[in-house]
Amino acid sequence: MKQLNVGLVGYKFMGKAHSNAYRSVPLFFPDLPAMPVMKAICGRDQVGVEQAAAQFGWESTETDFGALIARDDIDIIDIGTPNNVHCEQVIQAAEAGKQIACEKPIGMTVAEARGMVDAVTKAGVKHTVWFNYRRVPAVALIKQMIDEGKLGQIYHFRGTYLQDWIVDPDFPLVWRLRDEIAGSGAHGDLAAHLIDLARYLVGEFDEVVGMDKTFIKERPLELEATGLSGTASSQKGEVTVDDAMLFLTHFKNGAVGSFEATRFATGRKNYNRIEINGSKGSLAWCFEDMNQVQFFSKEDDARHQGFRTILATESDHPYVGAYWPPGHIIGYEHTFINQVRDFVTAVANDTEIAPDMVDGLRCQEVLEAVTTSCRERSWIKIPG
Amino acid sequence: MKQLNVGLVGYKFMGKAHSNAYRSVPLFFPDLPAMPVMKAICGRDQVGVEQAAAQFGWESTETDFGALIARDDIDIIDIGTPNNVHCEQVIQAAEAGKQIACEKPIGMTVAEARGMVDAVTKAGVKHTVWFNYRRVPAVALIKQMIDEGKLGQIYHFRGTYLQDWIVDPDFPLVWRLRDEIAGSGAHGDLAAHLIDLARYLVGEFDEVVGMDKTFIKERPLELEATGLSGTASSQKGEVTVDDAMLFLTHFKNGAVGSFEATRFATGRKNYNRIEINGSKGSLAWCFEDMNQVQFFSKEDDARHQGFRTILATESDHPYVGAYWPPGHIIGYEHTFINQVRDFVTAVANDTEIAPDMVDGLRCQEVLEAVTTSCRERSWIKIPG
Amino acid sequence: MKQLNVGLVGYKFMGKAHSNAYRSVPLFFPDLPAMPVMKAICGRDQVGVEQAAAQFGWESTETDFGALIARDDIDIIDIGTPNNVHCEQVIQAAEAGKQIACEKPIGMTVAEARGMVDAVTKAGVKHTVWFNYRRVPAVALIKQMIDEGKLGQIYHFRGTYLQDWIVDPDFPLVWRLRDEIAGSGAHGDLAAHLIDLARYLVGEFDEVVGMDKTFIKERPLELEATGLSGTASSQKGEVTVDDAMLFLTHFKNGAVGSFEATRFATGRKNYNRIEINGSKGSLAWCFEDMNQVQFFSKEDDARHQGFRTILATESDHPYVGAYWPPGHIIGYEHTFINQVRDFVTAVANDTEIAPDMVDGLRCQEVLEAVTTSCRERSWIKIPG
Amino acid sequence: MKQLNVGLVGYKFMGKAHSNAYRSVPLFFPDLPAMPVMKAICGRDQVGVEQAAAQFGWESTETDFGALIARDDIDIIDIGTPNNVHCEQVIQAAEAGKQIACEKPIGMTVAEARGMVDAVTKAGVKHTVWFNYRRVPAVALIKQMIDEGKLGQIYHFRGTYLQDWIVDPDFPLVWRLRDEIAGSGAHGDLAAHLIDLARYLVGEFDEVVGMDKTFIKERPLELEATGLSGTASSQKGEVTVDDAMLFLTHFKNGAVGSFEATRFATGRKNYNRIEINGSKGSLAWCFEDMNQVQFFSKEDDARHQGFRTILATESDHPYVGAYWPPGHIIGYEHTFINQVRDFVTAVANDTEIAPDMVDGLRCQEVLEAVTTSCRERSWIKIPG
């Protein structure tokens, strides 16, 4: 069987999620045109990266990204690093002729994202962005249903991505709370997913107006930067990103949208919820019940209309037939497995894959317009 | 407008619910062929009954049931007393030629119930039983849907009526916990409703096997019998009814049923829930969300099937158009208003009304068969 | 018993809801310091108002508002008319020394609302506004819980009031879709309730930015103006109000808020939903399940935290002990009964009542600021 | 690192689930005292078993079970075959000194199960049974909570395991519908899980009474026995197992239980739901929302009690810290990964593991008592 050798950079949360996807895809999707091979994992800390390689099942390690992309035995570069190095790594990987899968948001600025699109376009490589929520079977089913006209004309998009992991004021100043590394807070981390889902399901943004908020302005410094749950020091530093971001939008097709991303919604853990209302029906989905689609149809008998819960685990639902019988639900990690399946298929067959870097750029344009709107306190037009 | 004068006996929980129904029906159903007039309320305690008359809006009071039924200005006798006096009161009222609405369960025994049916039949009066849950709009909608064939052949009925108001072992020995007054515990109080709903929606019972349980065998005596929340004494008495009753059934049409009624389901307040599975679909309902029907249809597009929540508040749903616009929910008391509407219509127009005393008898037969099954530890055939 | 004579103007949807409340309050709240008497109902159409009086139980009718307020036997004037006449009627009633209960939004403009506040203040009468959702027991419980500190510092308010009754483009141009009568569309009708709840539960607004949308710009004229479900003509007219209104806010206390009101959310009937996130917990409520409070507490054992559904039907929950035993839910109309209970108590005892006209004015200020924001496409500061 | 070589027999649904578990456990549980090695997979069809080995990642294949257990390089035998061969395979594997993991129900009869217990006991090997639902994090959390006394004295267990995959009368006569292979229908397949959960969470059964039902008595023969979704022929054969099984129980500790397992609950896909009510609280769980625990506590403030939804994805919940951050749900397959983790730990450390064959026997005793009860139409005592 044809093989595609993968080199992954980053071995924390996303590194684990991506690794698991490569490791599991052959069992669930045995008929792929090519299979990914877990060739090399890269990280600056040698001990850490070797431990990750052993745990996740990578054949070799690199501590230098340049060395990784210089290897001839690597076909795909997968980028799971913090946001401030995506741009440089993508451009280098493209120049090295690698196929690219990059975490979101793809860059710190629209300018970075444009550079990345230029680089991958010039290099003629395949590229995708890990907006993994598109690959929830329930979300893919929603996309199908919209494309089939189940909603008619779309009027409303309503997206909230709610978490609560930094409500405690003593939670330390991890990299995701520092502008120079993360670029933004809830905005790039959470709203980016909502924006991508809105573009995927509704269409392009026309203009936005937004507001941001940082509720806790200082936090303990980390003793050691150990990821999300770092240990706190007694010294404090300034939080330089948003805790919450809210914005409104007009879509180009006349629909209107409301967006809210926050890390201060006590009790909401990964509450990535969308609702779309159209002239013929409505659809809703929430990650915390990720296998379920809520669907209301005006085409049902008038006396028997209601929001129905479709358990998206049937064999004729997207992706999910590869897993277990109906009613046997899947979880977060399967979104990555599904995306690996689609990306290796696209690379092997030289076919289209979405979302790609252009989608990453479009998302970045909206993210940046919202940020500008917050700063200038005005409506901002999305370019293009 | 034609009027029907009502005399109500009983002024506690059910007395209040019935009174409110007579009081409210003209506002919501102005086009009835006759309107009930709240003529007299009857109870043994003069102070209590006068207070009730003033509060609920009855024109006069009686302290003697014989005096009530002797009155020429009373058309309808409504019986909201404890179970041990229903039989005698119904028979007397029938002999006096009154139309009769009786609380459930109609009697203490099948023998009593047969006597009541005989009496009302001989007297040729209209009669109904307050199985009020049939008049929840959502339940009436379920009945419509079954009659329209939405479920196909019925395979399963699953009924649980769960409460928790006597979980505390210090809750006193109120009349509902004394066999000589209540006849049974959760069985006649709660399971009776499930049995009636099962007969209404599925069909007649063929045979049953059951088990009962009294978890707390002694409780403080009441200082004063003041209803459900009586004050406890330091002396104890024996609980002579079931705390919980469970049984299984074969229906005559081949469906099977599971029933559970209990007052020991901590956290369940009035959790009267049914689910019916058929060859073409399923329907479910729970009183705690009484305005909602759960409906699954195999006739929906295969990829889009799911349990849908029909909010039974549309103008073309049963009863509910009389109240408020869609989405403006109604509550417990409206089931009584709806039944008053139907009963006065039946009396005024001399038309059929269900459930009637025969339904009360059928329910009593199942109740008694279950009780016999518990005692004899065997399957018991339902007569007829 | 002391009595308070009521004169009601308006006999459609709100007229029915208010009438039912006066009619039912004695049965459920027998211990009130005074009881309302349904003295007179007023409307311009004599046939209509007489039919309403008969159906709802009013002692007399008036066809002229001036005549109504001139009557010596009227203590309370209740205003359930369209928005464009509230101001004039409130001022006249105040000048006549009547106690006043007025529908929301109280006026067409902030200027009107100020005039109304001035009039009632000068007259020294009691006044309330029918922001009836404050009197849902679950909402009143939420207020208690916030006041007790269950949420800690509030970070987020999220309010959506979603309906779908005009999704059909052939739905006619009823008065609620005409600016000169209604003043606005979803904004004054639905967002007004959200604004009042946010002020009640979170605090005062600081500034807002919003957007409005009219999806269907022309609709068939009504043949006859018969309320919400008017009959359509073949001629069309312009819709002059918003179909949807979205806005964001900073509250004065540092919380942020997101608001959305629409009549184009297919499948949502009366989906008035709020969620509040604080440093110690979260609370949520939706009218379609109006008896339920969602509560998350960080004070629960860390391993056992979760959103809990409090069924607000216990005897120690606000208002609801007056009705039925635990688990026996109540409905929309009970919010009006509860408000009548509180208003007659305030009038009889000369005590405070909220919401009053000042609350109505504050709401109007926010409504108008949002409208200005939509027109000027900018953030607008709330006065005061 | 220490290794434990596994030989698996069976490569259909359970074969895939078990294989995935061995394959994934090192990534999620890197600190295990030993790691399973996927040494050999066994099945009678050489082509099929080789395809499975390639897909799932097994190092070698066997087509003869005797050859498998004869191999010195196999430590653990995992049995994922149909029920009629479990007994023989377990006994052979025990005699060969292998550690054993066996699918449920362990045998066709109590006699078989006793033989299996004797064999493993005599051999002194470790043994476990794939009652995988004990390893849902939410279920393990429920067990913790009960052990901590959160429920007090247990009164009620209520278990329903509802599926609908054979509602269509044209669904063919697969092995699961044939008594000689499956031993029973919904009973051994579904009720076995409920019985195990009841024993795990409540305690031992005392006596049972039950009823079974086969709604569709004849079905098309399979053209080729290809598992659950076999292709139908035009010839028919008799269904020799139950479609549904219902039973009631007294537990030895005084609790009562209601059980229902069916493949005819239209719309229910893998609706394995339990609810337990105790003197201090209640707990409920349903597989279709497998990451959620429903918990009601009488120890909460009286005004704020309600069923809360604990999303069992926190790092201090059982098992789940090994996977993803809070709110990132897991699925069906993780129950097997968790059980592999526990079984290899028990084997490596020579510690206790539950459920084991004795649990399998206890379950079989209840299954058989229920079957006897159906046949004899009477209550049946559980031995022991």
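Labels for the chains are A, B, C and D, by order of writing; each one numbers its residues from 1.
Methods note: a contact is a pair of C-beta atoms (placed from the backbone, for glycine too) under 8 Å apart; a residue touches a chain by one contact, two chains touch by 3 or more.
Quick caveat: nothing in here was measured; it's all calculated off a predicted structure.
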item	value
Interface composition of copies subunit B and subunit C: same or different, split at half	same
Furthest chain, CA centroid comparison against subunit A	B
Computed distance of Cα centres, subunit B from subunit A, in Å	54
Subunit B and subunit C, separation of their C-alpha mean positions in angstrom	35
Euclidean distance of C-alpha centroids - subunit B vs subunit D, Å	41
Touching two or more other chains - residue numbers and ranges from subunit A	268, 296, 305-307, 311
Complex contacts: residues of subunit C adjacent to subunit B	13, 16-17, 19-20, 23-24, 26-27, 30, 54-57, 163, 165, 228, 268-271, 287-291, 311, 313, 323-334
Complex contact set, residues of subunit A against subunit C	155-156, 158, 160, 162, 164, 167, 209-211, 213, 215, 244, 246-248, 250, 254, 256, 258, 260, 262, 264-268, 275, 277-282, 296, 298, 305-307, 377-379
Contact set on subunit D toward subunit C in their complex	141, 144-145, 150, 292-293, 295-297, 300, 302-311, 314, 316-317
